[in-house]
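Chain naming follows the written order as A, B, C and D, and within any one chain the residues start at number 1.
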Amino acid sequence: MSRTDTKISRGLFGPLTVLAGAAALFAMSLVGCAGKTDGTANAQASAQKPPEVQIPFKIGIMTGTVSQGEDEFRAGQMVVAKYGQDHVKMVTYPDNFMQEQETVIAQLVGLSSDPDVKVIVVGQAIPGSVAAVRKIREKRPDILIGMVEPHEDPAIVNQTADISIQPDQLARGRTIINVAKGMGVTDFIHYSFPRHMSQELLARRRDIMKQACAENGIKFHFVTAPDPMGEGGLPATQQFVMEDVPRELKQYGPKTAFFSTNCGMMDPMIRTVLNNGGYVPEQCCPSPTHGYPTALGIAIPPDKAGDFAYINAENKKVIAEHHMTGHFATWPVPEVMLSIRTVTDLLVDSAMKKADYKDEATVKSSMEAHAGVPIKLSKYDEKKGNSYLFLVSNIYY
Amino acid sequence: MTSSAAGAPALELKGIVKEYEQNRVLKGVSLSFQSPAEAMEAGIGMVHQEFMLLPGFRVAENIKLNREPTLPNPASRVLGKKLESLDVARMRADARRALDAVGLGIDEWIRVAGLPVGHMQFIEIAREVDKERLKLLIFDEPTAVLTESDAEKLLDIMRGLASKGHAILFITHRLDEVLAVANRITVLRDGEVVGTPDPKTTTVARIAELMVGRPAAIAAQRRFFAPTTEPALGIEHLREDMPGERVEDISLAVRRGEILGIGGLAGHGKLGIANGIMGLYPAWGRVVFGEKLFPLNEPREALERGLAFVSEDRRGVGLLPEESVELNIALSALEAQGRFLHPSPIPALQVLNHGAMHRHALEMIRALDIRTTGPSQQVRRLSGGNQQKVCVARAMTLRPKLLFVSEPTRGIDVGAKERVLEILTALNREQEVTLVVTSSELAELRAICDRVAIVYRGKVEAILPPDAPDAAFGLAMAGESARAA
Amino acid sequence: MRLPGTLREFGIPRLLIAVFLAVLFGVAVATHMDLRGLISDSIVRVGRNGILVLALLPAIQGGLGLNFGLPLGIICGLVGAVISLNAGVHGIWGVAMAAGIGVALAVPVGMGYGWLLNRTRGQEMMVGTYLGFAMVSMMSVFWLLAPFKNPTLVWAIGGRGLRTTLSLGGIYDKVLDRWLEFTVAGVRIPGGTLVVFGGLSFLTWLFFRTRMGISIAAARSSTRFARAAGISDERTRLQATVLSTVLGAIGIVIFSQSYGFVQLYTAPLLMAFPAIACILIGGATVTRATIGHVIVGTLLFQSILTVALPVTSQVIQGDISETARLIIQNGMILYALTRVGRA
Amino acid sequence: MARVLRHLVPLLFLALCVFGIVVAKITAPFLLSEMLVRIGRNSVLVLSLLVPILAGLGLNFGIVIGAMAGQIGAILIVKWGIPGIGGFGLAWLIATPIAILLGIATGSLFNRAKGREMVTGLIAGFFANGLYQLLFLFAVGSIIPFHNPAMVLPQGYGLRNTVDLSTIQYAIDDLIKLRFHLQGVEIRVPVVSYALIAAFCFLTLFFFRTRLGQQFRAMGQDPHVAAIAGIPVERNRIVATVLSTVTAAWGQLLFLQNIGTLNTYSSHEQVGMFAIAALLVSGATVSQATVGQALLGTVLFHTLFVVSPLAGKALAGDAQIGEYFRVFVAYALITVALVLHAWQSARAAREARRETR
């Protein structure tokens, strides 16, 4: 009998240790939370500040998490700060959004379930957004929906969104090559993989780049990299880029420029170019914070967080330290942040009948107001729909 | 469908089956079965020693398993008979009839799980009885798990079935039962027919004699360095939970320096004793070793106190077949006594001293005449006899005070058998190791042991000198030692 | 078809992959690619990934099958790395500190994990997979909330929470790769990392010759034999799990230093799969593996990864090698899974 | 105690859902309309897991392969431009034989990996995904003639990443339209989908009352006893896998007609993971599951999916923490379910031994 007793106590010991472990972890995250409150006094304070703009309805916004790209998530937070927590419902889509399409749909439809919501902005309209928007329309035709940087077929998006906006990928096919030419590049490497090449705009941009290169006497090379959504994950992709950049430099010489369609490749690409030579005329999603702070190891003290002038200056400084000035270029503002904020403001004003989001001139002026620099804007389809493509002129580090 | 394992005597009654290797002849037709379904098709049914019942199924579902009466439905008309619906009413009715035939009054729609063992046995029989084409029914030790009254009932049912024209093959160790129901008797020993006594004229003692057989002329000279009467190991009321070899209540005193034999029929618990004391299966009771109380269920403790064990299950327990001869020989001593290791401050991280292990293996290979290409050969590649020698070598490496050896000669050829027995007696004589040898081969026990204990139904039935009459052993094994006296 | 013994020993799948690899190298030579660079990259990758593959060995040896719960160990190593980065420890000491903290965390985590696996015998691989997924998501919350203040680690705009990718540039980027680095016939060899991988492989080999290691292997071969020899297989399984988790923690630190980045959030999620493919391609089965399998497998698989894409890109535009690799890798795992027990 | 333990997982899940609903202040009409839709599109996929479980194969991660078969059907009818219920029916007809073939292949694989069916199914899914990519990224348009500029990439081969299924969207759901209003919110009831789910439930129940179903149940309990009783265990295991794969193909089609777009290269990937998670949270185990549990699991799991991001956000004040929390809870509960099941079956085995003493 005593035997059984020891067995029971031994059986209980296990779960208890696990519980203790769980408790410890929980305590850890509590400490983390505590750290958050003092570490982010600014953010908290700004969140508690009265909203800059009072609106009589609510805004729904969906972005990625920071691990998908910080600009996007912070843009969402800026919208929250501007209109106040009570008037903005912000949600995020899952990290593995390609597989969890249903969650994407649920999140968006969930935003529309609040009868006060009149405007929904999808910051990076990842796959599933079109299906979700169609479902929202079935019940709430009154909601204005903006789709930023849609991944799905542009023709379908053009039929679906009230306004959609993204960098002019096709025009970038030429502008990026122009930037590269200005840098004095002889060879141009384009990294991508089958899944991205199954997106129409990316595939067409590649073809335009190829043509532009030919016109400008630059040799174009298409290189396939492992898909970060494959089961090797992002690390496999990044390892490949780190190995391949020096290889290409060796083969084509130091006047080689690199471009990639995937955000995850930016960190290693910029770092490897910084150390080995070569050029990065523009990132996939142009922004001073996209890739550069990590790749260059920029320290950003709390009081400078989100200060683009400071970040640009730091980027410039570190690149100069590596004697690579003039090898890098980007847009002065994060394009996704610009788009999200512009689209939100525009739709809010339209909902209050203060502006017309369908008017191209209004869209342009609104963008420029946010960017602080001139913007080139065009329509995806002149005849129908309300999809826009835009370009910003570059800054050089 | 085999009759009995090597060494386990068995009786065959009223058989119309003649078994010769894979071919079976039924009613003059030679049959060879590839699958149970074919045997069933041919009209052969079997009541298994281990129950072939699904505990989660209801009684009727078990009885009608894969022979369910069905009703056609729209789906089955299109897609075939397999999709016909179960005819539950008929299943229950059939099961009821079969259960009544075996005199089991339980509800046919309750689940089998949790029913008493006796009931399960009768359900098995009912299932076989229910088969329409049944010609031959095989009972494999059906009464082993039954109470006296249930066993009586079973015999009645067998008589009834036989009178209805079913042939019954009854495999059992219970001699009384044999005489009570059998029309014909065949006695098997070591897979060979040793006699076909007429049930009308023979006696229990005669069958027992046939079962046991005469002691073989053993080459090993018996030594008589007089075993002391001092107890080496005292076992009191040992109970143990080894599947198929249950020990109910064993009390036994092993004397220092002797070779004690333990015999008995399969399933009566003789193998359980060593396994229980060595801590391989949960055991309860009081065991004293070297005047100290000995803790049960602690395999490590047993090894550390100077016990060792050569298991009957060579492949499962005795050896690591994928590993080398040397590692197999050294492993227990390495684990329990920390030998063959380089010194290191952390005991668990002492590195193997390959040289010492290798030298020791060579020594053992020489001493026991293990036929191998070398100490690094995989044990799997050795013959059965040499594998057994490796097992003995491992036990010897532990330098035990008392050694349990179970089935030392099972599955090895005749020459090796003698060699193994010689090694054991030498171990006893020269190194004064107390030996407890468990074997199904009574002859070998009688050849090398000082005393032989016979176990019946999980208890010690009798302790006999090796030269006791054959009938005394036979009766003890059948649980009828009282009759011999 | 009968093959000569040595070739059979090497295994048909490995033979096929080796031939495939040889063809790739042949194409590389034919198209005037930088062969030395390709070989050098392959070797760098072996050093980088080797320890993570090695981490699977104790689990297989301990009878736990393929450790799909490797992300647990990886997370421990990542926490160690982040703490050392936050403290700003540079160079080899940074790596040592990261590994040290990683190991210190991996021991209790491995014990908890092992305890769980002992309760779920027969389902270890399933439990490992899901537990790994769960922990990765939990740690994502931790990365977001953890009170790290070092301005090179936190988000550029938000100012709190750790970035997805932390650069090791100037901290301990490639310190081991560069230590003892040498060049043979134009092929750059990252000496230090290989020494660490070799050293840990040797230690692991040695461990399986210690008393503890021998009992782990014995308990895997036969639970009942082990019990008869006084070995508790619950304990050996626990030891094997802890060792696997610890090696996972060290493995990711070595990986990160060679790689130059520490990757957080969902990065550890799928890291077990390539490692598992490596060891299986090396010839291991779910129940048996050796150091040789680890080394051969890592060499073959990582070389394929390194060489296949650039070489096929030379030959065809819009290549299908990424898809082909997917099929080869999972085909190998499937082959191994369906082959056990009939070897 | 044992009773509570057996229902621990669903109870935990229920508690979490209720807690989430309260914290996130989710309104009844929203929850109801979301759940009606989600149950409608996911139930058949979850039901497809039942047959292999009862036949002793464990959780069939191979349903991913069935989902691929369904998608092949959907892609073809879009290519041919056949809309509505007719298109859906044709997709169904195309998908079925493909699913049968793939099911036979998967089942044979399982027979070679007895005891490791689940991991094998998982990896088989990854493997099949590779072949699927090969087919639609490379073979289509190059080897297989496929000329439809709306579907094929500008390069001339390979499908685009989105296939617009609006032509068959709601083909089943809205075959009979039913709408009602609750607190001013319109709620759609996909009547025909529910009828189909009911039919599947009924068929599953019916199946287990047939001769073959009885054989499956016997195999699930003890394949050895089943073999002794003359049941062709290996062949039946393949049949079970085929049934599951085919049901999954139909389930995926039902799912897609509700969603209305197909992510060519990823819609199928998580089908197995989610269906299995849904089943496990109901308290079903790898060896025991009922139709009721499949439905209950679908309801609980998807309630959590709807509720938890919002609840996480309400609790942590940060949308992304809610997102990570949701994923954590889902996976952690599956782990708990697996552990509890293993623990209980070990204890049951111990008790069974004691009883036969």
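Assume a residue touches a chain if its C-beta (ideal position, glycine included) is under 8 Å from a C-beta of that chain, and two chains touch if they have at least 3 such contacts.
A quick note: this is a predicted structure, and the numbers were derived from the prediction, not measured.
Q: What's the farthest chain from chain A if centres are computed as the mean of the Cα atoms?
A: B
Q: With respect to inter-chain C-beta contacts, which pair, A-C or B-C, contains the greater number?
A: By the number of C-beta pairs in contact, the winner is A-C.
Q: Indicate the whole-number Å distance between the mean C-alpha point of chain C and the mean C-alpha point of chain D.
A: 32
Q: Measure off the straight-line distance from the CA centroid of chain B to the CA centroid of chain C, and report it in whole Å.
A: Distance between chain centres: 47 Å.
Q: Report the inter-chain centroid distance for chain A and chain B in whole angstrom, where each centroid is the mean of the CA atoms.
A: Each chain reduced to its C-alpha mean, chain A and chain B end up 71 Å apart.
Q: In chain D, what residues contact two or more other chains?
A: 126, 133, 137, 155, 320, 324, 327
Q: At least two partner chains per residue is the criterion; list those residues in chain C.
A: 116, 119, 138, 140-141, 144-145, 318, 320, 323, 326, 330
Q: Using the touch rule from the top of the page, what residues of chain A touch 2 or more other chains?
A: Within chain A, the residues that touch at least two other chains are 65-66, 73, 95-96, 194, 197, 231.
Q: Contact residues on chain D for chain C in the complex?
A: Interface residues on chain D, with respect to chain C: 109, 112-113, 115-116, 118-120, 122-124, 126-127, 129-131, 133-134, 137-138, 155, 286, 318, 320-321, 324-325, 327-328, 331-332, 334-335, 338-339, 342-343, 346.
Q: Residue numbers of chain C touching chain A in their complex, please.
A: Chain C reaches chain A through residues 33-34, 37-38, 41, 44-45, 48, 108-109, 111-112, 115-116, 119, 138, 140-142, 144-147, 149-152, 154-161, 163-167, 169-170, 259-261, 263-267, 269-271, 273-274, 305-306, 309-310, 312-313, 317-323, 325-326, 329-330.
Q: Chain C touches which residues of chain A in the complex?
A: 14, 17-18, 21, 25, 28-29, 31-36, 39-40, 42-43, 65-67, 70-71, 73-74, 77, 95-96, 193-194, 197, 222-227, 230-236, 238-240, 242-244, 246-247, 250-251, 267-268, 271, 289, 293-302, 305-306, 311
Q: List the residues on chain B that touch chain C in their complex, please.
A: For this pair, the touching residues of chain B are 278-280, 299-304, 309, 311, 313, 316-323, 327, 331-332, 334-336, 338, 341, 344, 347-352, 354.
Q: Once bound in the complex, which stretches of chain C touch chain B?
A: 206-207, 209-212, 214-215, 218, 221-222, 224-225, 227-231, 288
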